[in-house]
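Before I ask anything, let me first share the structure, which is written out below as structure tokens.
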Amino acid sequence: MGTQSDIKLIDENGLRLDGRSAGDLRPIRIEAGVLERADGSAMIEWGGNKIVVAVYGPREAYPKHNQDINRAIVKARYNMAAFSVDERKRPGPDRRSIEISKVLSEALSAAIMVEQFPRAQIDVFIEVLQADAGTRIAGLTASSVAIADAGIPMRDFVTGCTAGKVDGKVVLDLSKEEDNFGQADLPVAVLPKSGKIVLMQMDGDLSVEEFDTATSMIMNAIPRINEIQRNALSSRVKVEGGGGE
Amino acid sequence: MGTQSDIKLIDENGLRLDGRSAGDLRPIRIEAGVLERADGSAMIEWGGNKIVVAVYGPREAYPKHNQDINRAIVKARYNMAAFSVDERKRPGPDRRSIEISKVLSEALSAAIMVEQFPRAQIDVFIEVLQADAGTRIAGLTASSVAIADAGIPMRDFVTGCTAGKVDGKVVLDLSKEEDNFGQADLPVAVLPKSGKIVLMQMDGDLSVEEFDTATSMIMNAIPRINEIQRNALSSRVKVEGGGGE
Amino acid sequence: MGTQSDIKLIDENGLRLDGRSAGDLRPIRIEAGVLERADGSAMIEWGGNKIVVAVYGPREAYPKHNQDINRAIVKARYNMAAFSVDERKRPGPDRRSIEISKVLSEALSAAIMVEQFPRAQIDVFIEVLQADAGTRIAGLTASSVAIADAGIPMRDFVTGCTAGKVDGKVVLDLSKEEDNFGQADLPVAVLPKSGKIVLMQMDGDLSVEEFDTATSMIMNAIPRINEIQRNALSSRVKVEGGGGE
Amino acid sequence: MPRDELGILSEIKKGYILRQLKEGKRGDGRTPDQFRSAEIKIDYVKRAPGSAYVELGKTRIVAGVKVEAGSPFPDTPNQGVLTTNVELLPMAFPTFEAGPPNESAIEVARVVDRGIRESKMIDLEALVIEPAQKVWIVFIDIDVLDFDGNLIDACTLGAVAALRSAVVNGSAAGKEDFRLPVRNTPVSVTMVKIGDNIVVDPDLEEEQISQARITVSTTEDGRIRAMQKGDNGWFTLDEIKKAISTSIDVGKQLREKYLK
Amino acid sequence: MPRDELGILSEIKKGYILRQLKEGKRGDGRTPDQFRSAEIKIDYVKRAPGSAYVELGKTRIVAGVKVEAGSPFPDTPNQGVLTTNVELLPMAFPTFEAGPPNESAIEVARVVDRGIRESKMIDLEALVIEPAQKVWIVFIDIDVLDFDGNLIDACTLGAVAALRSAVVNGSAAGKEDFRLPVRNTPVSVTMVKIGDNIVVDPDLEEEQISQARITVSTTEDGRIRAMQKGDNGWFTLDEIKKAISTSIDVGKQLREKYLK
Amino acid sequence: MPRDELGILSEIKKGYILRQLKEGKRGDGRTPDQFRSAEIKIDYVKRAPGSAYVELGKTRIVAGVKVEAGSPFPDTPNQGVLTTNVELLPMAFPTFEAGPPNESAIEVARVVDRGIRESKMIDLEALVIEPAQKVWIVFIDIDVLDFDGNLIDACTLGAVAALRSAVVNGSAAGKEDFRLPVRNTPVSVTMVKIGDNIVVDPDLEEEQISQARITVSTTEDGRIRAMQKGDNGWFTLDEIKKAISTSIDVGKQLREKYLK
């Protein structure tokens, strides 16, 4: 987690810089079917994040020696556009994006009925056009909409959210400033029907009690985010959350 | 095109730094069959350019999934030797040489009877030993001699020439200084029998009228250059152009 | 060879910085079977060198177009750990390690009965954990123990040693300082039964007479080093050489 | 660019398109000289000083402009630096692959770059902070999200729109925010040859069956700034001259509609 | 990590392991919460200021710490730099390949790095030589020689032991030799889920048949500093909570035994 | 180097060559100790301060020397820098591939480099412009255009001839043009073993059927400066000693003929 700062991130009323309370989400908007060529696609705007996801497949895995004779391979590729962050990002994968691609692939594999597509590959391309904290979770949440849009059978959605610690307080869905100057970041993704955890990473400093509070907040938010996913697929668009007054 | 300069590139008599008139070519010399291992080869000296070309093929395209079942793939590889330019060039392809290789491949594909060699590949390796403006055109002009030397059937030669604008005046076959300090560069290659244009690039600043003048000059020079190509194949060597008095 | 230095590397009694005489070896210790996964393995400590070697194979050569239908391919990969030298070494092969890998592969090919394993590949991974002059020879000497440990049939061991010139005098088995400030370095490896030379490199400045002295010293040391190799395979460990008093 | 890789265009369909073209008709009802209508959203990416989203048919790209302080090239100590990169994202087409730009992506980037550079749209001399030491580096990065033909023109439109709208944070040079020194408005117009017909702004189907491509970049003064012939076919000189004149005409329309 | 690539684990064997686990027994006789006994040799490589050889089961790694003077990152001018690299050497397993670190090697390195970085084990502020100009760069490089499961914990143990024992040559900054400014002792504990059972410190066989992996890094104050869930399976929240408590307990034992 | 990759050498031909060699005859009529006659053109490339074209049999190479001002290596602050690169161009042989130098190209470059470096042909101490700050960097780049055996000697001849003839533009250091400080004339002589015969300057056919290769680089004082044994075969010590003496003799002839 980032360095200390003099900025007070939570005011005396418990409100955050953008006016949210501890348990509030930023506005989330998902649209499915935004691309022509891809088999499935989705665009998500989550706070200041703007991420487009395209799905191709199931198609024959290539090269052949990578094929799994029992199930489809899910390959997520998380990538940040050069202009998506304040300082220009050099094109191409770095160690961070390779790790994120790995954990996103694993999380999606748990939801997709991979056993129906032996020897196949499902590609999920996640392009971050504008980054604003929580990109992996936002990209993953959009990915399961794009996979559904592609007509690929899933046991359930994958729905994610982060919590973290800011000014010593556990809060939901960190903003960029909270991520930069906070004390912990905990991205989690679940299968919302069962609450099974398919992605969890943490860095920072949390006591066991703080961890419990953070995961409660996340579990509490998951149904709201999943509803936005469902609505996107019913080709409706809904704006959720936003502001804490 | 390059930056402005105080050098006067054309004198009061309309003569250029090397004494040529606007429509004069630099000396050109082509020799075919200069290498042992290649299936066909040629060396061209054009002004201060010194370029060797080797052709291999038709041979089976590799990897196989690149094969075209209807025709041969033509792969030109334009490369500058580390010592070919004033400042040492790092070995290996850069973006410029990759683009040039692409347009040269396309120009040669238009001339070679590619439909006679399904699934095959024809490699044309163009090594610039000494660069002096107009290397792509010189390399391309030598390439069709090397392809003929390899016995690969062609509809016609590919014959190229550049024109450009210097001190506001349209001239043929830019020299290094004219290329560096001129206002436009227009490399063109044609099938000389029909005048069909198979390569054309331009950068700089040309009016429509200037473009017409430039292409007239080029079309005018093409038969002279093609004659040098033909002579090289009749295993004779001829020096053309040179000086403008 | 390195630059001149003011350090006197050989004293008035003919003794070297570490107390050895001209023909003395540094202490050598080899242990076979040190790794679980590899088909064969060995660890060598030779002076301050600490090198581990793992052997995999014979296994099918991959990719297939690399296969030799008459014999096994031997691929040694010499690699220095980032922490093995004074200044951190960037991970990955450099030109030096690629050349060393080539000459080690060739030396081992001369000893292994490669004709018994057509289409196969034998991988020999040589990891230098701590470097102290003579790493290629130490790694090669350990390699033939690891190959024997893997049960791969060999005509003979490969046994190596270096000689060099220090303060104008020919000496055996250069130390780090002698390598840095000496006038010649001559690594040699032989099949000890026959004395056939399978690796020889030299750099520096040697007269023909000095070369003869150096190779005599090496040939003289080979049986002692080979005995340590043999002992390692008899699952005994022996310390040889060390000190010159 | 991929040629008929989808296998969706049978010979029958090719014949149909050709017959239609002979009558001056195109698959989507356009005339040969007609550009598709485009949608351009500037300031699409807030973190970039300049950006634009362009939809041309179903071709979708995002162009972002970043401006950072850095060193000039040794041979142009008194000029800022301009660099253009195009990413043909694997999401944009089934056969596009992840990895460093291939020859197609490099060609698109270099043709876009030449149109902008040779028109002298950006006054690079005005981007010097300290001569020979520190200049502004203008990075144009373009993400291709969806591919439906004519990338060069879509990317040029996006890059030019992003440059025109950019507001640069000057603090890295101790200066106020500033707009890029824009002098003119280059536009590229790309045409392909199908049989004996030449059509403007080809869509994916047209690109897949065309023999040759020509791009002409012009400025509002009607001057030619860059050209690029592509693909394995050929043009006659007359066809090229006609293409230049079409480019000047269509370029005017595009400037009028999208870049005022 | 490779999953059953050796083909040595038949379905029969899997069933056997599962039945055994139901009775709380593991292949090598350990209880589910039991770490294998490790061997750690510090100062294993004399040319590195800090180093450690770790043997955990038959997993064997060497961690080396190098410290060099260099430039700080622009956004943290008042901090030293910490960097962690793990090489899955091809000698360590039949299917490991030479080349730059793949996604598995990168994940191990980044999880090890996070445990150390987020615990603030090394006081990076104390590693500044000249603010914004020159700081100490701490390179943690780990060679994996032999692979028998649970690389993350073996590598974390090695890295922490090497950092704790390092004595840095200060001459590059005109200073005396010094120890790294160590503030605490992070330990990672990794568990995998096999059927409904969760076991600590999996060996190779257990990793190959497990569905999901969870790593929890803690410090001696019982606080969580880093976590990573891996593999295609899932955990319930209760399983995670149990894993955290196990990690704190086992972490204490490891610190007591190996990092005093 | 490729070994019989053309498939042109049947076992019958091999047998024939061997029988001929037993009688001291080679395919092109040379004696075992005879070098092919070479053609060397210096100043072949005008843009390089030094250059040479070498034809040895049908092996054709161009060596170019560039000299640029740059930083010295930290551990040799009072020396210029010498670097040698060899490109086995795909034009030179059917199986040579484009791309970064492979192990064969690297070996050739390093053996050529060692012969020049260890003979101290170039006085690197004389190439310092400002100690520890700025030195002359000598780049030797070699293009292999056509491959007919014995690259090491062809490349060494070309590199040495180019270095001897180089006239450097001194303006980058505010100096006059100057010749490189050349102290002696290293020559490499390469031999291969075919059966029990050792032949000098092998051509392609001989390289393809040989078991082992030895290169010895010497200076005019008859001293050995670099050696390299290559390929999967072996030499006896006596064979090596004979090769050294041959190298000294042949080296004298080469210096006399081509490097006066």
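Just a few scattered comments:
As written, the chains take the letters A, B, C, D, E and F, and residue 1 is the first residue of each chain.
Here is the rule we go by: contacts are C-beta pairs under 8 Å (C-beta built on N, C-alpha and C of every residue); 3 or more make two chains touch, one makes a residue touch a chain.
Please read these numbers as outputs of a predicted model, since none were measured by experiment.
The fewest steps needed to get from subunit C to subunit F, moving only between touching chains, is 1.
Put simply, the chain farthest from subunit F by mean CA position is A.
Centre-to-centre separation of subunit B and subunit F, using mean CA positions: 32 Å. Averaging C-alpha coordinates per chain places the centre of subunit B 58 Å away from that of subunit E.
Centre to centre, using the average C-alpha position, subunit A and subunit E are separated by 26 Å.
Among the residues of subunit D, those touching two or more other chains are numbered 101.
Listed for subunit A are no residues, as none touches two or more other chains. The touch graph of the protein chains shown is a ring with every node of degree two. Ring order of the chains (start at subunit A, first neighbour subunit E): A, E, C, F, B, D. Chain contact summary for the complex, subunit A toward subunit D: residues 35-38, 41, 48, 50, 52-54, 56, 59, 77, 79, 81-88, 91-93, 123, 125, 127, 129-131. Those residues of subunit C whose C-beta lies close enough to touch subunit F in the complex are 1, 3, 95-96, 98-99, 101-103, 106, 109-110, 186, 191, 195-208, 211-212, 215, 219. Looking at the complex, you find that subunit F touches subunit C at residues 76, 79, 101, 103-104, 106-107, 109-110, 114, 117-118, 214, 222-237, 240-241, 244-245, 248.
Contacts from subunit E toward subunit C in the complex involve residues 44-48, 51, 58, 60, 62, 64-66, 68, 85, 87, 89-94, 98, 100-101, 139, 141, 143, 145-148.
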